[in-house]
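Some structures are shown below for you to check.
Next come two complexes, and both contain chain A; in the first it sits with chain B, in the second with chain C.
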Partner chain A sequence: MPLTKTSQKFNASINAFTIGTGDKAVTMGGENVLPFYTFDAPIENAPKIGAEISDLGMDKNVPGIRDYYAGAEDFTELARRASAIPGVDFIAFALDAADPNGEDRSVEECVEECKQVAEGTDLPIVIIGSKGIEKNETLFDKVADALSGKNVLLMSAREENYKTIAASAGLAYSQKIGAESAVDINLAKQLNVIISQMGVKPQSIAMNVGAASAGYGFEYVVSTMERVKMAALQQNDNMLQMPIVTPVADEVWNVKEAVVSEEDIPEWGPQEERGIQMEVVTASACLASGSNAVILRHPASIAAVSKMIRELI
Partner chain B sequence: MFTVTFRQNGNGITAEAPGGQTILMAARASGVDLDAPCSGNGICGKCRVRVLSGTVEGGTSRQIPEEEQKAGVRLACESRIVSDVVIEIPDTAGSFRYGIVTADFSHKEDVAVFNDTMEELEALGIPRIENGFSMLQVTLDPPTLDDTAPDLERVRRILTEITDCDDLRFSSVFVRKAAALLRECEFSAALPVERKSDGSLFVYDILPPHEALIPGLSVDIGTTTVTGVLADLCTGRILARASAGNAQIRYGADVINRIIAACRPGGSEQLEKAVSDDTIRPMIEKMCADAGVSPSRIVRLAIAGNTTMNHLFTGVYADPIRMEPYIPTFFETDAFSGRDFPLGVHPDAPVLFAPNVGSYVGGDITAGTLVSRMWAKPEFSVFVDLGTNGEIVFGNEDFLMCCACSAGPAFEGGGISCGMRATRGAISALTIDPETMEPAFSVIADAAPLGLCGSGIIDTVSELFRCGIISGKGSFIREGERVLRDESGIGRYVIVPGGEHQREVSIDEVDISNFIRAKGAIFSAIVTMLRCVDMDMSMIEHIYIAGGIGSGLNIDSAVSVGMLPKLPEDCYTYLGNTSLAGAVAMLLSESARNKISELASGLTYLELSTQPGYMDEFVAACFLPHTDASLFQET
Partner chain C sequence: MVGLFDRAFKGSDEMYALAEKALAEALATHDESTPAVFPNTAYYAACIYEYTGIKVMTLGDLKSAMEPIRAMMTRNYRTHDVFTSGIATAMAAEVIELCKYLDTDTPYNGEYHGHMNDAEVRELGVPLVTRDIPGFVVIIGPAPSEEEAEALIKGYQSRGIFVFLIGGIIDQAKNRKLSMGFPVRIVPVGPDIWCASHIISLVMRAAMIFGAIGPNQYDEMNKYTFERIFAFVNAFDPVDDLTIACGACAIALGFPVITNDTKDMWRVPKTLIIQEDTKDWIETSLEARDIKIKVTNIDIPVSYSSAFEGEIIRRPDMQVEIDGSRKDCFELCITKEAHEVEDHKIEVIGPDFDEIPVGSKMCAAIIAEVAGKSMQSDFESVFERKFHTFVNCMEGIMHTGQRDLIRIRVSKNAYEAGFRIRHIGEVLYAKLKNEYAAVIDKCQVKIYTSTDELHDLRKMANEIYDKRDERLAGLTDENVDQFYTCILCQSFSPSHVCIVTPERLGLCGAVSWLDAKATNELDANGPSQVVTKERVIDENVGSWEDVNEAVAKYSRGALERVTLYSIMEDPMTSCGCFECICGIEPFSNGVIIVNREHTGMTPLGMTFSEMASMTGGGVQTPGFMGHGKHFIASKKFMKAEGGVARIVWMPKALKETVRDRLNATAMELYGIENFCDMIGDEESCGNGDPEELVNFLSETGHPALAMDPMM
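Moving on, here comes the complex of A and B:
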């Protein structure tokens, strides 16, 4: 009996979502099949990779990162170096220093940093907010203004602060919004609904549905992403058809496997290698589960993940 | 020791209290009623009092606005007495005991619903009156020197003759009263007797001739309210009715807090006393006075209550109900009689309990299931009892299943800043003008508005959402004169502005989120139960709503906030207090009692916490109207 191939091509698709401008603009999403199911239908926009840089400076404990960014005196130079990593599609700038419980850097300084980053790259820019949920409201307002016309994506609009961010970044400055929820399909959808009800077009929203390092309860992440994709494609749920952007770097470079030194646990082998492995494994698992873009830190991880994407699509 | 004086409406009580004791403890010790839904854990902010003179330490919670703190307002549970003090108790405290509005057959509608129910049950083969009780009128030959048989023998002789029964048993009440009464009434008497199922005849009492009433008592013991009906066992006539707040409320608003309180040293006795001595006994005295009989003449009791209430009422150690794997002592018991309770009823009166089916589905639900008559219909029905716990029964003539979900006290006004029970002064219905955002509302007893009761809360949230003032998550997204924010940014909608003689009545984002969780619990429980048997909402043809909240409930509002499924309005039937109605049926009719036992043994109990999809459904339902909006779209 001949084998009849059934195609799992859906009638609905993920929104095509563009950040940045001009030649270097990046489009993600748009597919009507499950991740990497190129045998069912072509995937026009391959998953994208963002290089993460932080306004606290780059990690000095990881030689590969330290050496790659060595001598970069300002954020313009950091951005320039990050953009030069092969396989990078966009720059993700994390405003970690703005955290009120950390350095509490002023909004004005942060805006200045963002402008410097913009000078150093012509790739699209994604801004990752601080841990200060309230502070992000004013921060994003000013950053959206300063980078207006650049079509940036402002991550970290959450249930607590989405109103201001949607009104200013989304509506007043026409930037893109990243809706951040914590590994729960219903909470993700609810946030998309209320942001849309503010008047932001669903096509201007990306989702960060939350992540974890591989091995740290990652099955929840898989299940959430997979169900989001199934709802979007199979049930044509237009409140879940936004592409998923997952900041992987921040998760993996803080877990034990990436932090404990080789002196402390010699049998685990070299620290840097472990960190890269965690980053690559987590990123590829996120992409396989449904992320349309991942944000990574180590140049070696970016190389590995971009190779994987190239070979699969 | 310090002297504490409690003042309410010009009345005062003075008591002694050791230094460091909280005002709440001192109030409980001296029998002063103070609502403490969270059992004095400093969470609910309901036990507000005002310190008129003297000093207390603590009690200045952020739940009390600064101006009120300056005026001496404190939380009673967190203020420690460190000097002689004078404490003012607000008018609304103790409202659980007085004038609570609940479905207790004192309204014409409730009586009509009850009578219809009884007729329909009769048509289904459950006679309204079918018990072994009767009143025998006897006249004995007076004793003489030739006939020296004792009084008891004489009665035995005539009873054997009248009833053809030779297995006669006598209550000690009869034995003690017989000599005096027989002589006083010239050897004529009325004897309330019961033909037991084993064929024996039990003589309860001896009464003056021509007494005809044999009163029986039905009680619905709710976590928040207790209602009772006194009925004549021979004719089924309702003799009197009463309701009261469950005085156990002093020890916590929900069953978990009550169990915790009962497990403290001496706690079990305190809770037993609160429900028997302080709640049911005064109700019995009132009803008996209304009916003109003495409480000791009550010879049969039927109790319907949730599992915890049954355990606490009978003084049974309840902690295992609270702890995994949630095991009660009994589902069904006939171990108790009148003498086991300080209620003043006949010591030999059998006390019947509507059987429990699970640790969180009790006799109130089995009694309610009988009344719903869903067990006699081929089509599928859902029965929802909206109380502190929401219980849901689903099925038809072939099968029945049930579950319980913790809705919390929101439907009864608990956990809501301006929430109150459905008493005088509660806003029970409300609409908002979508243009001006101005509210229009009605208040129970047309009094000055004091707060919001369950139906008022449902209406308010529904209207705020309809007018686009709050988002699906319950946060304020429209600004206006009526929308204010506190210093930490929490928005609130002002229904009645505060003034010199008026406390502000408003609903804030925290209240709305509490409510959304409560309604989410109910809706997701219905969905989960249906999903267990692979069915969806469209299979439901009847939804029966029961519970104290039911009477004021606006079905439209409840549907538009996503608390109840969107079905044509004629699917919905309000059944009132089905727990009490079931208890009355059980009191009067053995068939009804047997049917309730049969239903209880056939009810499949579904433990929601072990259902894999329940948490997901719950989170999906915690949104207005629902994360899956298609469930509530106009079709």
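Moving on, here comes the complex of A and C:
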């Protein structure tokens, strides 16, 4: 019996979502098929990769990262280096030092750092806030003002602080907003609904539906992303049609596979190798489950994942 | 009302004449190409820009705006004419003000604020949109006295309301040495009524920035300001025609005006309010504009955190104990009319802890009286049940029980830190107002502690409890119009949807129909959504088209049909949180029920956890069903298969928990006495052998044996 191929493209699609401006602006989403299902319908905007840099400086324990950024004295140079990694579509700047329980760097300093980053790159910028949920309100307010006109994505607005971020970054400064929820489709949807009710257009919202490193409860992430995509495409749920941006680096570079040294567990092999593998495995699984963009740290991971995307799309 | 219209029209004409005069004077000394802009704004003269579309850049542009402004001053004596004339008044006022900015950016030399730049609009706009600033007031005056001016301003300030001042009240505030400026949220805008145009300009720009309203969108603008900008006006006697015309603009935008001027004034409900007692202005104004004040800090001398919830106060550490088992004590949440409740009033009637000997017991009645437009008496018990957590989170305070069986212990440390009984009121006030802001507008707390009153009060409380219980008992699936979903557990059980009805609570046992109803009211986008029950398919098995549609929608297509009263035909799914599982027992024609706490074997040859693995996860397994303990005695339990008479086995402990209610149900449905004695348990059916169970059931004459086979 001959095999008749039926196309599984849907009548609904993921929102096309653009960050940055000019030639280097990046558009993600827009597809009306499941991830990488190019045989059902063409996927116009391939998944994107962001290179993560931190205002705490780059990881000194991972030779590949340390050496790549060696001698970068300021954030402008960090951003310049990150932009030069082949396969990078945008820069993700993490304001880790702003954490009130950590270094508690002032909002003014952080704003200054963001401006420096903007000087070092013409790629789109994603700002990843601190661990201080309350602090991110003022932080994003000021950063959104300072980077006005650059069409940046601010990660993330959560249920606790979305109001200020939506009003300020979303409405007053017309930036993009990442809505972050914890691995639960209903919470993800609810957050999109309430941010939209503030007046922010659904087209200005991306989602971070939660992340985990592969092997660390990752099946919940897969299941959530899968259901979000099915709801968006199959059921045309326009409150779940926002593209998904997943910060992978911060998850994987903190698990024991990436952290334990070779001296401590020789049979695991070289530490850096393990970290890269965790990053690549997690990122590719996220992309296969529905992420429209991943944020990575190691140049080798970025090379591997961008090769995968190129070959599949 | 014609009188009021005439006054507004007259004021509007006056303002227009003043604008013409200001413009003529400006043109006498400047030519038409002279730039005419306010400093640091991208929105031109925002009122004129919004309502005429004209981007005023020069004096010539301003001149060209005069005709369109006049065109809005129609005189057909309909409300619409007053509104457009009011808006034209604001635009004319803007003309007057803009003329002051021709030669300088600072015409007021810092004495008054005048124009607000775009940065200030954003700075105020963000907290206004998030409601961190609950609203703003424009006070036009002088007040009758400086003291009164200060009290009013500070009253608003303490409630987080942003204050704009116009006219004589500014000097009064200065004389009282009030600090003013954007950072302290009191802004002296200007000396004359036309300075109000700066505030209207701010409103216009806020709507353009935060609401994406464009120019020439009259209806959209007025809708946005009505729905999203929580402003109102306080105008002191005397209110002249110019002010009335400006007031018409405020009202057109949805901002009520409150005044104490009674001469030639007309009341318009919720819009133009005459309140002669200016001391009540704050309360009247907030109510008129539907502004609820958030409580940001709880005024108590001890720490407050969920970390203290499990804290135990031992007798030797105890200063005093409110003990419902020995004394007359109770706690109660009741609904009152708005006018009966004075927000944040905490009243202690009787002796405080100081007057009670250390280590002894006292009586106390704690009554929270709440009022709100969306408050329903059904929510009282839902809120009251939270008192336990609210009080328990205080450091050094322990709370157990509910209703008239409460026990509250106060530690010596807490007492020494200054904790007194009124602080319980402070906590209840703050928590109720914050957690239930969607339904509670006002709250006051009364605490009675004298023995003589308490006896009668307790009787009153018990009558209320009885009435509530009656209401609960009387709540049936038939006499309500809607059920609710609960999808709280979808994070780990994606396709499960609970349908919560009065007679079938959530299978976790924690979500009753009333809880779901309150959740829906408090969080419109939350886990509990309304399910109508208009299109019945089969009432006996409990199936409705509406229910099926809801299940399909909220399970995202995973499930298409459920019945509410059958375990064989499309039984309701389970997440995994079920208190109990019931499963079909083929030898006896019945079902066994096992609760989570029971670790032993059942006559099905399976333990609770073995049964759980085939019941949970949102799948339908006919013959197996998860449910709450409370559901066991419901008349809807397996109604389709004959009801509770099918229950043949339960663990002893579970049987004891439900005995009285289940016996009553069996009596009512079948006229069987002491039905529970007919049901087997791990003792009467020791080795969990189905034959042994059937023998036991034959001995007790269990009705299930004579019923039709279930399969």
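Everything that follows uses one rule, which is that the second predicted complex is superposed on the first by the 313 of 313 C-alpha atoms of A that agree within 3 Å, B and C clash if a C-alpha of one lies under 4 Å from a C-alpha of the other, contacts with A are read in each partner's own complex, and residues count from 1 in each chain.
The criterion applied here is as follows: a contact is a pair of C-beta atoms (placed from the backbone, for glycine too) under 8 Å apart; a residue touches a chain by one contact, two chains touch by 3 or more.
Everything numeric here is computed off the predicted structure, so don't read it as measured data.
Student: On chain A, do chain B and chain C fit together or clash when superposed?
Tutor: In the arrangement built by aligning on chain A, the partners chain C and chain B clash.
Student: If we overlay the two complexes on their shared chain A, which of chain B and chain C does A:V193 touch? Say first, second, both or neither.
Tutor: both
Student: Under the stated touch criterion, which partner chain does A:S7 make contact with: chain B (first), chain C (second), both, or neither?
Tutor: Neither: A:S7 stays clear of chain B and chain C.
Student: Is A:K163 touching the first partner chain B, the second partner chain C, both, or neither of them?
Tutor: A:K163 contacts both chain B and chain C.
Student: Between chain B (first) and chain C (second), which, if any, makes contact with A:D184: first, second, both or neither?
Tutor: both
Student: Comparing chain B against chain C, which has contacts with more of the residues in chain A?
Tutor: It is C that touches the greater number of chain A residues.
Student: Pick one for A:N61: touches chain B only (first), chain C only (second), both, or neither.
Tutor: So A:N61 meets neither chain B nor chain C here.
Student: Can you pull the chain A residues that chain B and chain C both touch?
Tutor: On chain A, the overlap between the chain B and chain C contacts is residues 163, 184-187, 190, 193-194, 198.
Student: Sort out for me which residues of chain A touch chain C in the complex.
Tutor: 141, 145, 163-164, 166-168, 171-172, 183-187, 190, 193-194, 198-199, 220, 223, 227, 230-231, 234-235
Student: List the residues on chain A that touch chain B in their complex, please.
Tutor: 159, 163, 184-187, 189-190, 193-194, 197-198
Student: So in the complex, which bits of chain C are touching chain A?
Tutor: 122, 125-127, 129-132, 209-212, 228, 487, 490-492, 494, 525-527, 556-557
Student: Which bits of chain B are touching chain A when the two form their complex?
Tutor: 471-473, 475, 477, 616, 619-620, 622-623, 627, 629
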